[in-house]
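Just so it is clear, A, B, C and D label the chains in written order, and each chain counts residues from 1 on its own.
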């Protein structure tokens, strides 16, 4: 199947900051797209915070997305809560989600984790070594034992996330810190991957190994099952439709056919 | 140490419904309190939805609570979002949380799980057998191999929760369904336990084994560590304060001492 | 890619017991093969306990196997320890393993779990309902909300396995018990799935939904990465080959180039 | 309750190697004992590989042990398989187990994990910083944000263990590697903690923070429940003793009262 991939990008830094603009003349989304270049398994598009009233994330567009990639930093607060809930709903139904770098503090990641997702940080251009701790995980396909990045922002533990389903990568920073840089979760039918590298002041998204992780993760996150739309309601199963049909015993609060409380 | 336990209860059914009022003349919170009767390890109080503007959950009161027990059903929507965030904050800092029965749909449980927490249900007074699948877990202390409840509401899978840290109990229903009835999570420093039984139309909270689970879970959920207040901010670590002090290399987006984006 | 699937079967009951022979005239492995009939994604063969000195599991054959399916019951003790270690080694390197029914007590499953893998059981021909608790999991593709089996052996909790990576299915038994019937693990690079149904006294492996689970699980368990042969040794990283080359400081126990202890 | 703690030590290096003997004149077990000095919650003893035919681990002694601490390195192969099984049995029943440093390759740890437990290593006396990633975990009680060790052996990922129940600590090494230094598991009723530091060529077990981890972990690992001796057999539940008593339907392989196969 073709994996319909949508790169969502805040795209504010490139317009305000000469450094970022020079590193990413086509925007970070433009650089991220190159992860998928020439691979017919993927069709890739992008959506930007300032595209329209819905941040480029209409119901229709999300319905036609298999995996959403998310990069945001300075404008997390500008993302509307209603759009966050819309994205969460699609993740629960089965859309994959790849959250990049400062997206740890995005509304959608915090919404899905149920924790603050905070960490320590330092912007000193130090070296990062991303170690693969689960070498045959699909997200690590084709990678060396570690990814070396010459200049990166440091993120340090404790990273206040729930215990991951799988820890795929852990970073070593020149200044002495460590960080769980690649972690997986499932939320409803949706596969979620957080991947640390990608500070906008450095050319990280031109690094082929970094792009490979993002492509691998997109493939991994794609759930080909039909959307689990049944995840939202809490349906009543009538007593005479039970696998072992029952007579109602004892008292009741609800009448037949009545909806439950929400 | 003494475990400061607070039972939060919606307490609406008992006032409107004769059946519930007759089953729980002291309120469900009154019945739940008896789980701790005569045990000096616990000091127990209650807070009710309609106590005051803060649903009885002031900052001060939560700060003085080690474990919060939550029962709600018909009025989840009446709980203010700001209070939900306040409770979540305390859980992340280390307050334990026990969510009972229809509390699966409470704002606080959904907030901490990051999923819909939906399920199937049926109110037919059928038998429930709660099997202990992790017999030496602290939450199962002193229990038989299963808890038999003569009349209960059915909750059926799929229960749309994240993969639990531990599955402690699974229920068998007379009508043919199963349900993960006792599951643990950690969110930040806070231990969270969901426990299924407790439909208000039945005398479940007079069952000694059910009360024993709730008391065990309260003891288990208590985290004696000092509150992890550091979980909320994302502190900067200056380059010259790193474990291996650094010179700044390459370009930067942030100036020294500047706060990160939120 | 084509998934090279090998069905390993004890194949003793069919030869000694008329009931089993009449249910499975081509052997249980013959019935299991039909799960893959007509699907060119799979090439399927079988190996039997009494095939040869190696139980049909030569080094070469295992090296050419992507996913191994295991059914055993009465003769677990006849499987040689050396062959068990050989299979475990291949699982760690990336071969998938599907363990069926009474295989919970096979040497290979206990070896990989590190626990007794015991349970309760009853042979009364009762009804089993296998509920899908993770509906969009690849192993559940194309299944209804539950699989109904008219006659099965009961397996009851506690099932003494480690906490699963994912719980995909839970069974309800007519007599009142429950069981985690579909659980996943990873051991090294190998994906492991335990699936409960399949008592040899009943025609369970002629049930299309049961066969579908086995085929889905085989697809899920296949790890296309090259074998992780590096999982076995504990290699030394010389001080001058470290990412940050080091001078040796302080005393040492080992000389340069010396192997570590095992 | 008093926690009956037994420190098991290989105790070979101290007798052969002057360096180790000078660092640990009372043996490493002597140094480890000081972790519990003056705390009446613990009674602590030791057992040594060469104590007797059973390596000091008689049935009786293990039955009277709540938590076993294990240090071995050069003589893993000298530990008898029967004793390893005996220890595993007690862990499944509820005895806690703390595995230290090179014990990652001990028979008992590999037995309980079901994986090779291999890793990379280097003996260069480099600095290790052990970061706490789960700050309010009981094992981290009273610790600073990281433990700094001036000289240690390097252990590097990938560490071929199953996905941990909880990752409590991750180490940063001067040479550039990272390692999951503190991880928890449960096997049956037994709590298991692996803790990395402790190379015999360095004075690591005189470090108060390291000793504090070991004491905290011992307290955490203690399971006060009565031993789960029922974990070993797979009991039959007769049809007429089921929660819902049954008539036997269909054919059977086993006669009434017959034992299952093993």
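By definition in this document, a residue touches a chain if its C-beta (ideal position, glycine included) is under 8 Å from a C-beta of that chain, and two chains touch if they have at least 3 such contacts.
What you see is a predicted model, and the numbers here were worked out from it, not measured in a lab.
Put simply, the chain farthest from subunit C by mean CA position is B.
Looking at A-C and C-D, the interface holding more C-beta pairs in contact is that of C-D.
The distance from the centre of subunit A to the centre of subunit C, with each centre set as the mean of the Cα atoms, comes to 31 Å. Averaged C-alpha coordinates give centres for subunit C and subunit D that are 27 Å from one another. Across the assembly, subunit B contributes residues 129, 135, 156, 158, 163, 165-166, 172, 176-177, 186, 188, 243 that each touch 2 or more other chains. On subunit A, the positions that touch subunit B within their shared complex are 13, 17, 19-20, 73-77, 88, 92, 102, 105, 111-116, 118-126, 151, 154, 156, 158, 160, 162-163, 165, 174-177, 185-188, 199-202, 231-239, 242-254, 260-262. Within the complex formed with subunit B, the residues of subunit D that make contact are 94, 129, 135-136, 138, 141, 146, 148, 165-166, 172, 186, 188-189, 223-225, 228, 230, 243. Residues 129, 131-135, 145, 156-159, 163, 165-167, 170-173, 176-178, 180 of subunit B are the ones touching subunit C in the complex.
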